[in-house]
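Below, each structure is written out as structure tokens.
Each of the two complexes below includes subunit A, the first together with subunit B, the second together with subunit C.
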Partner chain A sequence: MDLQDIGAAIRIAFIYFTIVYLTGLGGLFSERSGIVNIGLEGLMVVGTVSGAAGVALFAGPASDGLELGPGGVVLGLLIGALCGALFASVHAVATINFRVDHIVSGVVINLVAVGLARFLSYVFFEQATQSDPGGPHLSRFDIPLLSDIPGGLGVAFQNLSPVVIFAALLVFPVTYVLYRTRWGLRLRSAGENPEATRSLGVAVAPLRWQGVLLSGALAGLAGGFLSVEVVGNWREGQTLGLGFISLAALILSNWDPRRLMVVAFLFGFALAIPLRLDDAPVISALPDQFINMIPYVVTIVAIAGFVGRVRPPAAAGRAYEGAGGG
Partner chain B sequence: MSAAATSLPSRSRPPWLDAFVGQGLALLFAFAIAVAVGSLIIILYGENPLTVYGAMLSFGFRDATSLGNILSIATPLIFAALAVSVCFKGGLFNIGVEGQFLVGMVTASWAALAFDFLPGLTHMIVVLVFACIGGMVYAAVPGILKVTTGAHEVVTTIMMNQIAISIVKFALDGPLRFTKAPPGQNVDLRTDIFESSALVPDLGHLFGVESSAHLSWLFPIAIVASVFVWFLIKRMRLGYEARAVGSSAGSARAGGISIGSVQIKLFLISGALAGLVGMQQVLAERGALVQNYEAQLGFTGIAVAFLGQNNPIGIVFAAILWAFLSRGETALQIETDVPREFVIILQGILIFCVVVVYQIAKRRLARRELQRAGAEVGLRDTAAPSDLALEEG
Partner chain C sequence: MPKWLRTLVVPLAVLALVTAACGDDAPPPGGDGDGDTPECNADLNVGIAYDIGGIGDKSFNDAANAGLQAAIDEGLVCEENAASLEPDATGSNRDENVLALADDGNDLVIGVGFAFSPGINENAGDYPDTQFAIIDGYATCGTACGLTNDGLTNVTDLTFKEHEGSFLVGAAAATKAAEDGCDTVGFLGGQTGPLIEKFQAGFEAGVAHVDDGIEVLVEYIGDDVTAFNDAVRGEALSTGMYDDGACIIYHAAGASGAGLFNAAVAADALAIGVDSDQYLLVSAEQQPHIMTSMLKRVDTAVHDAIEQTGDGSLEAGGQVFGMAEGGVDYSKSNTELMTDDITTLLDDLKQQIIDGDITVPEAP
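What follows is the complex of A and B.
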């Protein structure tokens, strides 16, 4: 093991971070508004297939589809986000309008996503479980200064997708909106005490709808990033439970966008270890599978209160009976 | 509304019948919506819904082997849905059936390889017991964490499901990896093939079902399990306590029930049932644990449990209905131009309609109960604030 490997591992951690952070932020908006969303994995799955389809539609391969270049790729990724939001609206209808148990609805979302992805794939790509590899992606770039760090660590900051930077910078607007704007305050109050929110003349249902739609859009974007920017095509099962890792990161971050950033990166690094630091001392003695368990074990420990205690939004998971009346 | 409330007591059905009819109607209604939405998709796809549904029906009920296929698809779903429903009766949501069944497959496979000297049926019984134990141990963790630390079982079991995937990978890559290299070059990871004494014997040949359907004795075992769960919930002390805890933890505690002990027991029973979920594929179909095992059975079990309204007998029929739809995938592929994935969409719409319609029906029932109770104590107008809230939306 040398610095080159550590740099490479950090670079992979950035990629995982992007997926986990985007999806985790989605979960954050939903749960802060009071709607528990364990369907993040399913929303991401729909994002992977629809994002890839969107890019095929707007950015070619040369034979079919428009060729809008980078703009087309961005449009394609937005299609992924849009489809994620559309699919999340199922969760919103069920939990907000019909007051179905949030967990039940989330399970259904995850269950249906697999079939929906295959169906969409069949419609778009005429094959059920993957699209053609080697699709277009945004041009990679090196972060100035950081990518010049000598000794191999600079590798971490080279050849990155712009979406990585987008995700990392997202912390600023999200934190501002959530804690410094009227909408953010109302969203959080809908998740903490919907009755009080309503008594102040603020409708709870629209806020929760917005939270859930945002969760779908962000998870869908993360899915599109995975299939388009990371892998280069859609493949069934490529999310590999990253939606659940995002959920774990969200819980561990105590539903805070700044802490979520840290947790998402640490989880990303843990996932990168078996890929790049396999021969490091101690790690080489551990089976890869044990390292892959780390994020989940840490989350269980945290939720059980062995180390500190995490506290979800007070009203998350609880139906607001007045929701229909707004 | 007050007129209806006052006239209710004289000619009302008994509450259980009310609930039964209400649930039955809700299910039928949900099914009708799902079929209708499915028809819409089929029409958009340029096919005739009658042809497509007809193909599914005629293919499913074509012959004994096809029926056997449906029952063998239903078998693991029955175990999984029962596992979910046992916990649900006690107000617990065991999403961890998925992980528990994966661990059960690992422990069962280990037992199948380690006890290969055991004769005949004892070998198989030991393997099944180890499947149950694996599921139980894995289910005990969220149960104990829930009772001792208050960690929500939904979060812990979601995490443990993901850990279980790694456990299977670890087992196949390490301790249980095949020693006798299977023929072929790039073989998937798997265990060695089990001795035939570990396998669950075929049942189908007695009824003219071809062995390709893999209808094994696990199906009757699943039926027995559902009768057991019914007996447990309706007739045994634990079942009574579970229902008490599930409907109101506060009153259960006031009634002297130890909530923690009930919850842990429910988790253990649920885990044991979950352990058997994987046995159809390991002991009746493959005769080994393979890398590309059929996953998601635990999650599908949740859907089936809801379809069966968490009733052990209803679950058997729900699992068979679900399996019939799954079997329809093959029919679509052979006889129509609609992609086979349509079935999964149809199942998804069905389960979505069921949870929504069931939720609405539950609220209506609750409102009617409230009215009945109000009428019994002589109240003219039972529109309590909470009742008003139910009226909305």
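What follows is the complex of A and C.
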């Protein structure tokens, strides 16, 4: 193990960070508004297939007439986000309008997503389980200054997708909107005490709808990032439970976008350890399986040990009876 | 909207969606049914149960389908007598598909993938008039492999000598590495276990045969089946091997191989594909980095099983497709890298393997 391995591990951590942070932020908006969303994995799955389809449409070989270049890839990723939001609206209708149990609806989202992805794949790619490999992606770039760090650590900041930077910078607008704007206050109040929100003349249902749609858009974007920017094609099952890891990260972060950033990176780094740092001291003595458990063990320990400090929005998971009337 | 109309609309919409989804089944590629197959063996009925991925996976299942289409084109079986079923995303209904095809009275039922082995081992006895064949199967291994039944008389395991094909691409990698003055190559495996170790053993032997001074780095992605679908880890481990000096990496990691190809482009190094000719499947950006591929001729195995069932010569037990049977090979599509020097050497090695002058080890 040398510094280059650490640099490479950090670079891998950035990739997992991007997926976990985007999806986790999605869950954050939903749960802060009072709707528990364990369907993040399913929303991501829809994002992987529709993002890849969007990119094939706007930037693939079939789009020669469009000549959108990188703009086409961005447009394609936005299609992934849009489809994620559309699919999340199923969760919104069920939980907000029909007051279905949030967990039940979330499980349905995860189960339906697998079949829906296959159906969409037939529609978009005329193949059941994958799109053509090596599709177009945004040009990679090196972060100035940081990528020049000597000794191999600079590798961490080289050859990155612009989406990684976008995800990292999201912390600023999200924190501002959530804690410094009227809309953010109302969204949080809908998740803490919807009756009080309503009594002040603010409609709860639209806020919760916005929260859930945002969760779909962000998870869809994360899915598109995975299929388009990381792998290069859509492939059935490629999310491999990262949506659930995002959920764990969200809980561990105490539903705070700044802490979520740290947790997402730590989870990403934990996932990267067996890939590049398996010959480091201590780690080399542990079996791979143990290293792979780290994110989950940390989450369980954190929840068990910090009960009271890890506190979900008070009304999350509870149907708001007045929602139908606004 | 009146209430009676509303109650009608929902079920109708669902019905429309379901029929639209199910009624749109495209015919399998290749079987265009242009009606110019005048003679075919109408006595034979064949059913194929595909594994996860289904038709269109550009790999295993598509290769099996190609074998079926070849058999149809040769008139070994009539198109209308060939049935196929695809499993759901997790493959949980594999066995149900096999039983459905057997219940339909097919003479031959082929399971495309080793995962069909336990189910067919358990159920084959109930269908004495049906022949079962399993690609990469181990059903006839019986209780020794932890399965229920021994001594099955109507099951054939169709396996491949992947180590022989891997030997050739190992020799190709070593030759190219030596030319470029590089002393390290790499192997990226999917799920740990004896099946993928055959690829590793053959590759290492092939490298050592050409130049035993070349080191082979080995990485496995994981110890469960998701290891074949994790391109992120595939890319990370490949980048690690390239960083450690490998100039060519051979993968036997299924869809995780996409990560290897991404890493090869980023490192401006070479990669070797597996199962099908992956040079033909990747993007133009990746093509110059795909030196060759180890070909596993699943189509040959399917075609031969159909042919032998037709003439009654399919024997129960194991049937192994090695180099001599045309079961494994290498691809020459990247003409830039697969120079005459290399292909001459590989074809010579191929002949030596067929003649038995070279024995390739199965375990590393």
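In the analysis below, the second predicted complex is superposed on the first by the 316 of 326 C-alpha atoms of A that agree within 3 Å, B and C clash if a C-alpha of one lies under 4 Å from a C-alpha of the other, contacts with A are read in each partner's own complex, and residues count from 1 in each chain.
The rule we apply is simple: contacts are C-beta pairs under 8 Å (C-beta built on N, C-alpha and C of every residue); 3 or more make two chains touch, one makes a residue touch a chain.
Everything quoted here is computed from the prediction, not taken from an experiment.
Asker: Regarding the shared-chain residue A:97, is it in contact with subunit B (first), subunit C (second), both, or neither?
Answerer: In the superposition, A:97 contacts subunit B only.
Asker: By the touch definition at the top of the document, which applies to A:122: first (subunit B), second (subunit C), both, or neither?
Answerer: In the superposition, A:122 contacts both subunit B and subunit C.
Asker: Please name the chain, subunit B or subunit C, that touches the greater number of residues in subunit A.
Answerer: Result: the larger residue contact count on subunit A belongs to B.
Asker: Output check: A:70 vs subunit B and subunit C. Expected answer is one of first, second, both, neither. What do you get?
Answerer: neither
Asker: Answer with first, second, both or neither: which of subunit B and subunit C does A:151 touch in the superposed model?
Answerer: The answer is neither, since A:151 touches no partner chain.
Asker: Which partner does A:107 reach: the first (subunit B), the second (subunit C), both, or neither?
Answerer: Touch partner of A:107: subunit B, not subunit C.
Asker: After the superposition on A, what does A:173 contact: first (subunit B), second (subunit C), both or neither?
Answerer: neither
Asker: Go through the superposed model and pick first if A:299 touches only subunit B, second if only subunit C, both, or neither.
Answerer: In the superposed model, A:299 contacts subunit B only, not subunit C.
Asker: Where on subunit A do the contacts from subunit B and from subunit C line up?
Answerer: In the superposed arrangement, which is not itself an observed complex, subunit A uses residues 114-115, 118-119, 122, 128, 289 for both subunit B and subunit C.
Asker: Within the complex, which stretch of subunit A touches subunit C?
Answerer: Those in contact with subunit C are residues 4-5, 8, 12, 15-16, 114-115, 118-119, 122, 125-130, 132-135, 140, 159, 226, 230-233, 235-238, 240, 272, 275-276, 288-289.
Asker: Across the complex, what residues on subunit C touch subunit A?
Answerer: Touch residues, subunit C against subunit A: 21, 24, 26, 52-58, 86, 88-90, 222-223, 226, 229-233, 235-237, 239-240, 243, 255, 258-259, 261-262, 266, 281-286.
Asker: Quick one: in the complex, what on subunit A touches subunit B?
Answerer: 38, 90, 94, 97-101, 103-105, 107-108, 110-112, 114-116, 118-119, 122-123, 128, 241, 244-245, 247-248, 251, 287, 289-290, 292-293, 296-297, 299-300, 303-306, 321-325
Asker: Considering the complex alone, what residue numbers of subunit B touch subunit A?
Answerer: Subunit B reaches subunit A through residues 93, 95, 145, 149-152, 154-156, 158-163, 165-167, 169-170, 173-174, 296, 299-300, 302-303, 306, 339-345, 347-348, 351-352, 355-356, 359-360, 363, 386, 389-390, 392-393.
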